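Shared between the two complexes below is chain A, which has chain B as its partner in the first and chain C in the second.
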Partner chain A sequence: MSLKDKLLSSFIAFEDYLEDDSPIHDIRNKAIKSFEDKGFPTRKEEAWKYTSLNSLLKEDYNLYSKQEHTLEFKDVRKYFLHEVDTYKVVFVDGVYSSFLSETTHDKLDVCLLSAALGKEKYKPVIEAYFNKIAKEESLTSLNTAFAKEGAYIFVPNHVEADKPIEVINFSTGSEAASFLQPRNLIIVGENAHVQIIERHQSLSNNAVLTNSVTEIFAEKRAHVDYYKIQNDQIKASLIDTTYLKQEQDSVCKVHTFSFGGKLIRNNLNFYQAGQHCDSVLKGVTILEGKQHVDHNTLVHHISPNCESHQDYKGIFDDSSTGVFNGKVLVEKEAQKIDAFQQNNNILISDKSTINAKPQLEIFADDVKCSHGCTIGQLDEEAMFYLRSRGIGVKEARALLMYAFANNVLESVKIPELKKRINKLIAQKIGVRLGFDL
Partner chain B sequence: MGKFTEDDLKKELESKEYEYGFYTDIESDTFPVGLNEDIVRAISMKKEEPQWMTDWRLESFRAWQEMEEPNWANVTYKKPDFQNISYYSAPSKKAKYDSIDEVDPELLETFNKLGISLEEQKKLAGVAVDIVMDSVSVATTFKDTLAEKGIIFCSISEAIREHPELVKKYIGTVVPQKDNFYAALNSAVFSDGSFCYIPKGVRCPMELSTYFRINQAGTGQFERTLVIADEGSYVSYLEGCTAPSRDENQLHAAVVELIALDNAEIKYSTVQNWYPGDKEGKGGVFNFVTKRGICEKNAKISWTQVETGSAVTWKYPSCILKGDNSIGEFYSIAVTNNYQQADTGTKMIHLGKNTRSTIISKGISAGKSQNSYRGLVKISPRADNARNFSQCDSLLMGNKCGAHTFPYIEAKNKSAQIEHEATTSKIGEDQIFYCNQRGIDTEKAIALIVNGFSKEVLNKLPMEFAVEAQKLLEISLEGSVG
Partner chain C sequence: MLEIKNLRAGVDDKDILKGINLEVKAGEVHAIMGPNGSGKSTLAAVVAGKEEFEVTQGEVSLNGEDISELDPEERAHKGVFMSFQYPVEIPGVTVTNFIKTAINETRKAKGQEDMPASEMLKKIKEKAELLEIDRKFLSRSLNEGFSGGEKKRNEIFQLAMMEPKLAILDETDSGLDIDALKVVAHGVNTLKNKDNAIIVITHYQRLLDYIVPDYVHVLMDGKIVKSGSKELAYQLEEKGYDWIKEELV
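And then the complex of A and B:
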């Protein structure tokens, strides 16, 4: 039985299991229909030209974890940003772990989507926001159909979240292959500020496929800082789709750090609905082995006087493959837009591949839109300069790579997180530098 | 005198009809509409082609029947009905002329209206003109001069008869019969086109040029061009098009193949000004062209194009950089106005070591037009030290038009160096103000700015083409700024 058939048949059981009065009953049914029509994306589709899911879909995934697993905090401590106090929403094999989590309903809501879906109190919010900006793409529809658990974050107007929020999805690998579909809903009210860190972590060497969807709403003057850390085990794959809608004067930043995993596909969609919005999309990708990372970004400028900045850096070693497909769409009403997109790549090995497709689609005339894309190597002269000063080849290379990625690292606003990422990069490049950057 | 306002400009632009829109009545020898194997055979017979050519055409036709029309391009149009087109039309008085006096005076009049005076060109420009009017070559000049150097420059049907060994060896090697839908169609029914062979070590002393015209109502034009530059040779080839005004959509599906052997250089320049349709978007030419060149060792192919015409353009002049140290260049200006749609760009396929390519593309969209750049830069694993620089700039005039870029970059070699940049902008009010302040009226200022914007490409054109291209830019755009 193919994965698609398996999912379709299990949906019936899934619906039966849930109570029928679920507010999103109709949305689920519509979504599964949409997935049934579309199926999994293939390379024939333009958006999936460079990424094939075939090898992932062959696995025999277990859709529901048969038993609950508990984790000891000390075992997974290293995956948390333990240096600072944070709110935590933790899932183990798709099931909420109250033991590891630290939620709140004081001032702001940091809790579970299942709770929000179940309680009468949240009904207006769910009706107003849930599945409102998620598009009817096959994988998103699949996630919507099975949407049950995930983080629910609601920051009311004029509230500044007092500490960062961590959303972590662990998979214990108790099954040979598991399929997870977290669904997050984040609403940031007027003038509210929030910092969120998202992480998917597999704890074993068994295959995991995560199809995650996140909807983020940023109201007027809201500030959203979102960090995605993707440093998973070699058999874990992730399809991460994020939809973000911005109202007037809001500032939203999404940083994606992709270091691990077998296949990662990031779909990042920004919709600028109000004027004077600022969108920042940045990413660092460092790959080796046979890893494959595909960044697919869309910035949709609907209103005038907005800005967007994209900056993606990639370093590719061994037989790894990097894909960057960035699209800037400017509607004809969206005058005075300043959109900038940059994608720089370094190929380290002869077998590594980079496929880039930076796209501009512009319908307004009074705009400043530009993109740049480069593929190159580490500068030989810079290498020579460092080596002539007694720095070893490996260190010199690492230093230059740091410098290359630094633009993106610089804008990480949580110092502890920045340190953590620096450490991850050092690990990835395989050096210990005696200083912090 | 009142101020020449933007509205006036707009009005003037809108009322500006296609300057070269006229129709010459020459008795034509036209085939019935429709396409089947008999028509393909008949075309081949009409051209007095040998059996291998007929077979080649039939093979292409059979492949074409299996293929589907591509629809990935960023253009929308009513698909042509391929059974409603006449696949062959030739001026009936098709005797070979030795001198220009023998050419049908009506035909000469047509060319004069286009501003192409054969005599003048002979005297002033030193250009050999092989005029293709409705598919059959009717006049050839300077043939003797070229023959002295061993250069073959003739119509492709003549080449099939006189130099079958060359045609047989190279035709379809760069653009295979089954390459794409339109290339397959062209391979099956191509009526005529130009053939050019430059022998080893010869530098072609003059610019070779061909003017194409579509003239017969309801006839598609299927040109086939084959340019072969043998080892160490050089040739500059010009191609220019103007087509008469017509309401019915006309199809133009040409194939151009360039072969640059070791150390050879080919410079291929195009000015395309097919009828773009009227300001309502009615009529106009569909231009679905496959142009590709292959570079052997140390060879160089340079494509320069100025695209101002056609209702729908679908064109990607490409270079396969097969030999080590070969160079590919692409310089393009694409202007769209009213309801025109253009999806154009290039492909640079780096296969050899130390290969280099440059892409400069300037897109200007005005009115309600859509202008897309679509390009591919591909570095194969064996192409060490490949280098590419791409630049795509778009200029938008008004907010009813669109500019799009779809660059594909695929690198599989670590020593590759690729740079791609694209910008989109409009003509700044301050720029116009600066010009106005110095007594340059708005219309002239725009022409000036557009000229500056396109200069990098215009500079690459041979002299006489540059003048024509500049004129075309002005005609297409003057006053369309908002």
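And then the complex of A and C:
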């Protein structure tokens, strides 16, 4: 049975199992029909031209974990931040782990979506926000149909979250191949502030395919700082789709660090609904072996006087492949916007590939839009400079790669996280430098 | 110290150096002057080991050892230092961390332990003072957003830290105002001793008022066509290079 058929037949059992009066019963049914019509995306679609899911879809995935697995904190400690206290929403094989999580309902809600879906008091919020900005695309629809578990974060107006929130999805590899579909809903009220770190982590060498969807609503003057750490095992693949809707004067920043995993597809969609919004999309991708990462971004400027900044750096070794497909869409009403897009790539090996496709669609006449895209090798002159100071080829390359990725790291606002990412980069580049980067 | 014999080098079949002979002894300062495009910077880069240039003939030896087949980092480990005309910007790596890496990589190559942190700090402080470099400057990203003068001063700071046997200053005076020039020259003169040697590459006599050469060489069309004392530099300043061309004919 194909994965699609397997999912469609399991949906009936899934819906039966859930209560009929679920507020999203109708949304789910509509979504599964949409997925049934569209099926998984293929390379015939322009947006999937450079990324094929074929080999991933051939695996015989287990859709539900047969038994619950508990993890000892000490075994997964390294995936969490330590120097700062954090709220934690943790899932193990798609099942919420109360043992590893640290939730709250005091000043803000940090809990799990299934709890929010089931409780009367959350009903108005769910009705107002759930699936309101998610597009009817096949993989998003598939996620919506099965939406049950994920993080639910609600920061009320004027509340500044007192600590960062970590959302981590562990996969234990208890099945030969697992299919996971986390669904996060994040609402940040007027003038509220929050920092969120999201991670998908496989703990074995078994195959995992995650189809994750996150909706983020930033109300007026809200500040959202979102970090995605993608450093998974070599047989773990991720399709990560994020929708953000920004109201007036809000600032949303998403940093994506892609170092590990087999195949990663990031769909990052920003909608600027109010004036004077600021959207920041940054990423560092460092790949080797046969890894593949596809960044597909959309910044939709609907309102005037807004800004958007995109800065993606990629370093590709061996026969790894990268895709950057960045679209900036400026509507007729969106006058006086300032949209900037930058994508720089370094190909270390002759066999590595990058497909870069910046797209600007501008219907307003008084805007400032710019984009720059480069593909190259490490600068020979810079290499000579470092080597002439006694620094060997390997270390010199590492320093230059680090320098290349550096300006993306500068805007990481959690010092410990920045340090961790620096370490990951040093590890990934494969050198021990004589100082902490 | 440095012996260059009949050195021919070029890039893509184009000869740039066409038979250079030069001997620099320990304790000496040599100036190399010449018009644009005569091969001055190429000579510096070839001695430092830049791979872009192909050496087709001749020999470069340092203290009797042929170094012409060595990698740039190996030459640095043996005591060759070149101050760059256009130093490269390295965002995210501070001046301090860069120099620490350079020193410890060199020590590692010689089979030595890392320099102890306290000793490193002391040395950094001492050399920064010598070149009138502010402490804040040391925690900035290497060369990023530096003015022309700051870049050159930073090059000489690195020179002071690495204490090479042979220092080649490639147009260190360009982009420096007179005050900065004096500071840089003072730094170089303080570092000079009987065991090391300096090659100063410059267009102008001005720098040589402060770093006084024992010998001045004129490089034209890839060859040293005239050598003399520091008086030669004054003559060049006054009369340009045409009279030498005429002399050659």
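Everything that follows uses one rule, which is that the second predicted complex is superposed on the first by the 436 of 437 C-alpha atoms of A that agree within 3 Å, B and C clash if a C-alpha of one lies under 4 Å from a C-alpha of the other, contacts with A are read in each partner's own complex, and residues count from 1 in each chain.
In the analysis below, a contact is a pair of C-beta atoms (placed from the backbone, for glycine too) under 8 Å apart; a residue touches a chain by one contact, two chains touch by 3 or more.
Given the structure is predicted, the values throughout are model-derived calculations rather than measurements.
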item: Combined model on chain A: chain C and chain B, fit or clash; value: fit
item: Touching partner for A:Leu399 - first (chain B), second (chain C), both, neither; value: second
item: Contacts of A:Leu409 with chain B and chain C, given as first, second, both or neither; value: second
item: Which superposed partner A:Pro124 touches (first chain B, second chain C, both, neither); value: neither
item: First (chain B), second (chain C), both or neither touched by A:Phe363; value: first
item: Distance of closest approach, chain C and chain B, by C-alpha atoms in Å; value: 13
item: Contact residues common to both interfaces of chain A (with chain B and with chain C); value: none
item: Touching residues on chain A, where the partner in the complex is chain B; value: 46, 332-333, 335, 345, 347-377
item: Contact footprint of chain A on chain C as seen in their complex; value: 45, 48-52, 71-73, 75-77, 80-82, 84, 86-88, 90-93, 97-98, 100-106, 109, 114, 141, 158, 162
item: Chain A residues within the chain C interface of the complex; value: 379-382, 384-393, 395-396, 399-400, 402-403, 405-407, 409-410, 433-435, 437
item: Complex contacts: residues of chain B adjacent to chain A; value: 72, 379, 381, 394, 396-426, 482
